[in-house]
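Alright, structures below, take your time with them.
Two complexes follow with chain A in common, the first pairing it with chain B and the second with chain C.
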Partner chain A sequence: MNYLFSLFDSWPFIVKLNLILSILFFSLAIWLIGSVYYIRYTKTIMNIKRRELEKTLLDFISSYLFDENFDKSSELTKLKKTHINTEFNLKITIKQLLIFNENLKGASTEILKELFMFLGLYEYVVSDLKSRAWEKKARALHVFSQLYIKAPEEVISPLINDQRLEVRQQAVLYILNLSETNPLEFLNTLQDELTLWQQIYMEHSLKNSFKGEIPNFSQWTSHPMSSVVRFSIRMMSEFNQFQNIPILMTLIDHNEESVRKAAIHSLSKMGHIDLIPKLISKFKNETPVIKKEILKTINHIGSYNHLLALEVKEITENKSLYTYYSSLEQYFKSTLSIKLNMGDLTVKEAS
Partner chain B sequence: MDINFHQITEITSWLFFSYGLFICTGYFFSAIFSLIELRDYKKRHNFEDEVALLKSSNLPQISVLAPAYNEEVNAVENVRSLLTLDYPSFEIIIINDGSTDGTLQILLDTFDMVLEAMPYYEAIPTKKVRGVYVSKQNAYKNLKIIDKENGGKADALNAGINISQHPKICCIDVDCVLERDALLKLIRPFLNNEKKVIASGGIIRIANNCIIEDGRIIEVKLPNSFAARAQILEYFRAFLMGRMAWSKIDGLLLISGAFGMFDKETVIDVGGYSTKTVGEDMELLVRMRRMMQEKNIAYTVGFIPDPLCWTEVPQDWKVLYRQRTRWTRGTIETLLTHKRLLFNPKYKILGLLSAPYWVFFEWLAPIIEFFGLLYFTMLLAMGQIDWLIVGIFFSLVYSFSILFSLTALYFEEFSFQQYKKPKYMLILIGTALLEPFLYHPFVMWAAIKGNIDFLRGKKSWGEMSRKGLTNRDYRKDKPKK
Partner chain C sequence: MKKRILIIEDNPMVVKSLAFKLIRDGYEVVTAADGRDAMERLKTERFSLILTDLMLPFISGSQLIEYIKKNIPGVPIIVLSTSNQDDIITDAFNMGVDDFITKPFSPNELSLRVRRTLANTN
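The block that comes next holds the complex of A and B.
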C-alpha cells in the first residue's frame, strides 16, 4: 500500500489529477447505472401501488355515488385511515375525483365535492395553494377550478399576476369557472399581455364551464393591452354580440394593425356585409396585412363586383398579395360559370 | 530560447488535456441545464387539457411539408399516418422532388388526385413545378401533391412553402412516423410565449425494429444492429442533453430537418431554405435567428422534449458513413457562411456561446481527436510512451465517455422511459460501454472524411437507401382502373 502511495506521489500533478478524475467518473457511472435501475424499480412499484389504489378508489367512489346500501360514514373513515395517508395517495385520490368529475354532471358532481371535503383534500389543496412552489400553486388552482370549489379569495387574487405564466393561466381559468357575475373582471387589473394559449383556454372556459351570463365585451375595447382588445373583439363574434357591430366598425380605423385585422375578421365572421364598402374605400391606404384581410373578407361575404371595385394597381407591386387577388378572381369566375350554367340570377348582377 | 523534445511533448499534452477539460466542462453544464429544463417541462405540462385546443378555431393553421424522393415503399403509409394527425386545421403537402421511381403515380392513384390549376406566388425561387394535385375525394381534401423537377430537399421544401396556404409550416421527412398529437405539442411554444416564436423543434426518436401499425408506433423495441443502438444513445445525448440545454438558454442553432415547425413569414423573409448547402436545416435556423437579432426583434425558438417523431436511422455502415460526412459538410458550410456570428457580442448567446460551441465541439472536436491519435502514434513510434500514463489518460477519457452516455440514459429513464423492458436498459448500458471502441472511431473518421470532402468542394447528398418502416408494399396494390 505504501508503495502505491509513494508511486502516486512521484507522478506529475496532471497524471494524479487524471487518475482521481477517472476514479470519480467511474464511480459516478456505476452510481448512474444503479440510479437507472432504482428509478425503474421505484416507478414500477409506484405504478403497482397506483393501480391498486385506483381500483380501490374506483370501487369506493362508484359505491359512494350510486350504491344506496353503501355505509358512507364508516367506509369513509376506513378509507381515510387506510389509504388517504401519504402525499402520493392524496394526489392519486384527487386525480380520480377529477376523472369522475369530468365524466359526470349534475347532482353527482355535488356529491364528489362533498367527498372531496370529507376526505380532507380541501385543506391539502389549500396548503398547496399557499406553497412557494409554483407547480403546486398551479395544480391546486387546476383542481379547484375543475371541481368548481371556491378557494379563499385572499389567496387567489395575487395569483392573477403571479410571476409564472402557468400559475397566471390556471388562476384565470379558476376565476372563469367560479365567478358568478363578471368572469372577466380580472382583465381590468391584468399586468401582462394575454398569450394566445391563455385566450384559447379562456374562450373554452367561457363556452364550456362558465355558467353565468356572458359579459358584454365592448367594455374592454379601449383596454391598454392590445391582446385584451383583440380577445374582446374575437369574443364579440364568437358570442354573436351583434349589438357591438357599431363599435367594431370604429375599430377598423384603430391605429394598431392587429386590432384592425381582428375587427375586420370578426365583422366578416358576423356576416356584416355593410362593412365591405368601407373596406373598399380604405383598401388603397392600408398595409399589406390588412389588404389581405380585406381580400379574405370579400371572399367570405363579398362578391365579384366587390373585388372588381378594388384598385388593383395598388397591389400589383406586392406579388404575394397580387397572387392572392388573382386566385380570388379565378375563384369568383369559376363560381360564376357554375352559376351561369345553372341559370342563377346572381350572374346578371355580377356582370 | 532552448526547448527540448520533452518540453514540446509536455506542452502538447497540456494543450490536448486543456481541450479535453474544456469539452468535459461544457458537457457537464449541458447536463445540468438539461436536467433543469426537463424537470421544468414535466411540471409545466402536468395538467394540460388538449380538448380545449382541439376544439379551438383560433389555433394557427399549419401546412405540413414533406419532400419525397424515391419513397414509393413508404409514401402511402406515411401520408395515411399524416392524414390522421390530431389538429383542428392543417394541410399536408407532399413534394415529389423528381422521383425516378413510382412515388408520384402511387400517391396519385391511391389518393385519387387530379391536376389543379392553382395560381401561387413563387416567393422563393425553385426548380420548375410541373403541377399541383388535389384529391377528388373529400376525405383527402387537405392533401396536396406537388410534382417538380429534382432540385434537392431544400428546393422541394421551398416549393412547398410557396404553395402552402397557412401561416405555420411544419417540415418533416416523409418517412417519419409522427405521434398523433405531434402538431398540437409542437405548436405550443408559438401560443404560449410573450416573444415572437420563429421556430420550434422536437426530439427525434429511432424507429428501427419498432412495431408500427397504421402509421403509428405500437411497441418500442430496440434495434438488432449495434450501429442503430449506438445511434439511440447518440440521439439521447444530442436531444435530451444537448438541445434541451440550449433550449433552456435560448441558444438552439439546429432544429432537425426531420421534424420542425417554422413561422412561414419569417422563413420567406430570409429567403427560405438554402440550396447551396447540405445542412439546410441548420443553415435556415441560423439565418432566421441572425435576421431577428439584426432587426432587433425580440424572438425565441421553442423545443419540445416529448417523443413526437420517429425515424429510421441507417443500419448499414456505408449509408451511415455517407450521412455523417454530409452532416459534417453541412455544419462547416453553415458555420463558414455565418462566421460573422463567432464571438460577436452583437448576437448575444448566438455569437458568444452557440456558434463557438458548434465550432469547438462539433466541427473541431473530431479533428483535434484525430490529431491526438496521430500525435500518440508519433510518440509510440519514437518510443516516448509511458504505458502507465497512457492507461490513466485512457481511463479518464473512457470513463467520461461512458459517464456521458449513462447520464443521457438516466435522463431518458427519468423523463419518458420509452424502452419499457428492463433487458433493453441492460443492452443499452452494454452499448454505452462498447460504443467508444466500436462506434465512436467510425463516426470520428466519417467527420474527418466530411472535412476532406468539404475541402475538395463536394456538394452532393449521396444516396440514402432505407429498409422502410412498414411491411406492406403499396406498389403491389395499386387500384385497378
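The block that comes next holds the complex of A and C.
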C-alpha cells in the first residue's frame, strides 16, 4: 500500500489529476447506470404489482356487482386487510372503481358507490381534498364528481377560488355534476375569470348532466368578471331565454367590446330582427370587431336594404372588413337577381 | 344445451362484467379481445349470438359485422358501443345488427336485450 502511495506521489501533477478525474467519472458512470437499472427494476416490480392488483380488483368488483352468492361482508374485510393498505393500492382501487363507473349505469353505479364507502375510500379522498398538493385536490374532486358522491361543503367551497386553474376547473365540474338546485351559484363568489375550457365544460354539463331547472342567466349580466357576463349572454341564446331580450338590448351599449359582441351574437342567434335598426345607427362609431359582427348579423337575419343603410365610408380602410362587406354585397345581389329571375319566369308562365 | 355467446370487446372490465352476468344467466360465454381473434373464432366455431364493440384493434366491429352477415347470416348481433351519434347507430342497423346498446350500459338491461334477441331469432 505504502509502495502505491509513494509511486503515486512520484508521478507528475498532470498524471495524478488525470487518474483522479478518470476514477471520479468512472464511478459517476457506474452510479448512473446503476440508478437507471434500479429505477427500471422498481418500475417493473410496481407494474407487476399493479397488474396483479387490477386483476384481483376486477374479479372482486365483478363478483360484488353480479354474484348473488358472493359473501360480500367477509370478502370485503379480507380485501381491505390484504390489499387496501398502501397509498399505491388505494389509488389503483379508486381508478378501477372509476373505470367500472364509466362503463356501467343503473343499479350497478349505486353498488359501486356503496363499495367506495365500505372500502374506506371516502375518508382517503376527503383527506386528499384537504391536502396542500394541488394535484391531490384536483384528483379528489374528479373522483367525487365522477362517482356523484358529495364531499363536505366546507371543504369544497374554498376550492372554487383555488390558486391552481386545474383545481378550480375540477371544482366547477364537481358543483355542476352534484348540484340539485342552482348549479351556477358559485359564480356569485368567483374571483377569477372563467377560462374557455371551463365555459365549455359548464355548458356541456348544463346540457347533458344537470337535471334541475336551468337558472335565469340575467342575474350575472352585471358580474365583475367579464367572462361570466359573456358566458351568461351566450347561455341566454343557448337556452332560448327570450324573456332576457330587453337586457341583451341594453348590453349592446356596454363599455366592453367583447360583451357588446356577445350580446349582438346572441340576439342574432335568437332571430331578434328589431336589433338591426339599432345596429345600423351604431355602425359608424363602432370598432372593426363590432362592425364585422354587425355585418354577420345582417347576413344572418337582415336584408340587402339593411346593408345599404350602413354608413360605410371608413370601411375601405380596413381590408378584412371591406372584403367581408363586398362579399356580403355580392351575396345579396346574387340572391336578389335569382329572386327577380324566378319572378320573371312566374310572370311568363302566367301569361 | 347452453346457448353460446361471443363477446368481442377490448376493455377487460367490460368483458369481465358481461361474461359474469351472461354466465349467471345460463349462457356459455366465449371472449375475443380484438377483431383478429374474433375472426379466427368466427371461422371455426358456432355461436348463438354475437355481442361486439365497434372500435376494435386490427379488424373493426363494422368489418366483423359485414363478415358475419355475409358468411353466417342467421346469427344475431348486438352492438355495444360508446358512440351515441345517430349516424353511427343508423349505419349499424343498416348493416343488419339486431340491437344497439350504448355505454355506459346497465347489465340488467343488457341481459334482457340478449334474452329478447335470442327469443326473436328462435
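We adopt the following convention: the second predicted complex is superposed on the first by the 289 of 351 C-alpha atoms of A that agree within 3 Å, B and C clash if a C-alpha of one lies under 4 Å from a C-alpha of the other, contacts with A are read in each partner's own complex, and residues count from 1 in each chain.
Simple rule for what comes next: a contact is a pair of C-beta atoms (placed from the backbone, for glycine too) under 8 Å apart; a residue touches a chain by one contact, two chains touch by 3 or more.
Computed from a prediction, not measured in an experiment: that's the story for all the values here.
S.K.: After lining up the shared chain so the two structures overlap, which partner does A:Thr77 touch, if you call chain B first and chain C second: first, second, both or neither?
M.R.: neither
S.K.: Just to be sure I read the superposition right, which of the two partners does A:Thr195 touch: chain B = first, chain C = second, or both, or neither?
M.R.: So A:Thr195 only meets chain B here.
S.K.: Considering only the touch criterion stated at the top, classify A:Arg234 as touching first (chain B), second (chain C), both, or neither.
M.R.: Only chain B; A:Arg234 stays clear of chain C.
S.K.: Regarding the shared-chain residue A:Ile99, is it in contact with chain B (first), chain C (second), both, or neither?
M.R.: The answer is second: A:Ile99 touches chain C but not chain B.
S.K.: Of the two partner chains, chain B (first) and chain C (second), which one does A:Asn18 touch, if any: first, second, both, or neither?
M.R.: In the superposed model, A:Asn18 contacts chain B only, not chain C.
S.K.: For A:Leu28, is the partner it touches chain B (first), chain C (second), both, or none of the two (neither)?
M.R.: first
S.K.: Among the partners chain B and chain C, which is in contact with a greater number of residues of chain A?
M.R.: Of chain B and chain C, more residues of chain A lie in contact with B.
S.K.: Contact-wise, after the overlay, does A:Glu166 reach chain B, chain C, both or neither (first, second, both, neither)?
M.R.: first
S.K.: Show me the residue ranges of chain A that touch chain C in the complex, using the header's touch definition.
M.R.: Within the complex, chain A contacts chain C at residues 58-59, 62-63, 65-68, 96, 99-109.
S.K.: Using the touch rule from the top, collect the residues of chain A that touch chain B in their complex.
M.R.: Against chain B, the touching part of chain A is residues 14-15, 18-19, 21-22, 25-26, 28-29, 32-33, 35-37, 39-40, 43, 134-135, 138-139, 142, 165-166, 192-193, 195-197, 199-201, 203-205, 234, 319-320, 322-324, 326-327, 330.
S.K.: Across the complex, what residues on chain B touch chain A?
M.R.: Going through chain B, the ones touching chain A are 13-14, 17, 43-44, 46-47, 51-53, 55-56, 58-60, 117-121, 123, 188, 190-194, 389, 392-393, 395-396, 399-400, 402-403, 406-407, 409-410, 413-414, 417, 422, 425, 429.
S.K.: Which bits of chain C are touching chain A when the two form their complex?
M.R.: Those in contact with chain A are residues 11-14, 16-17, 20-21, 24, 103-109.
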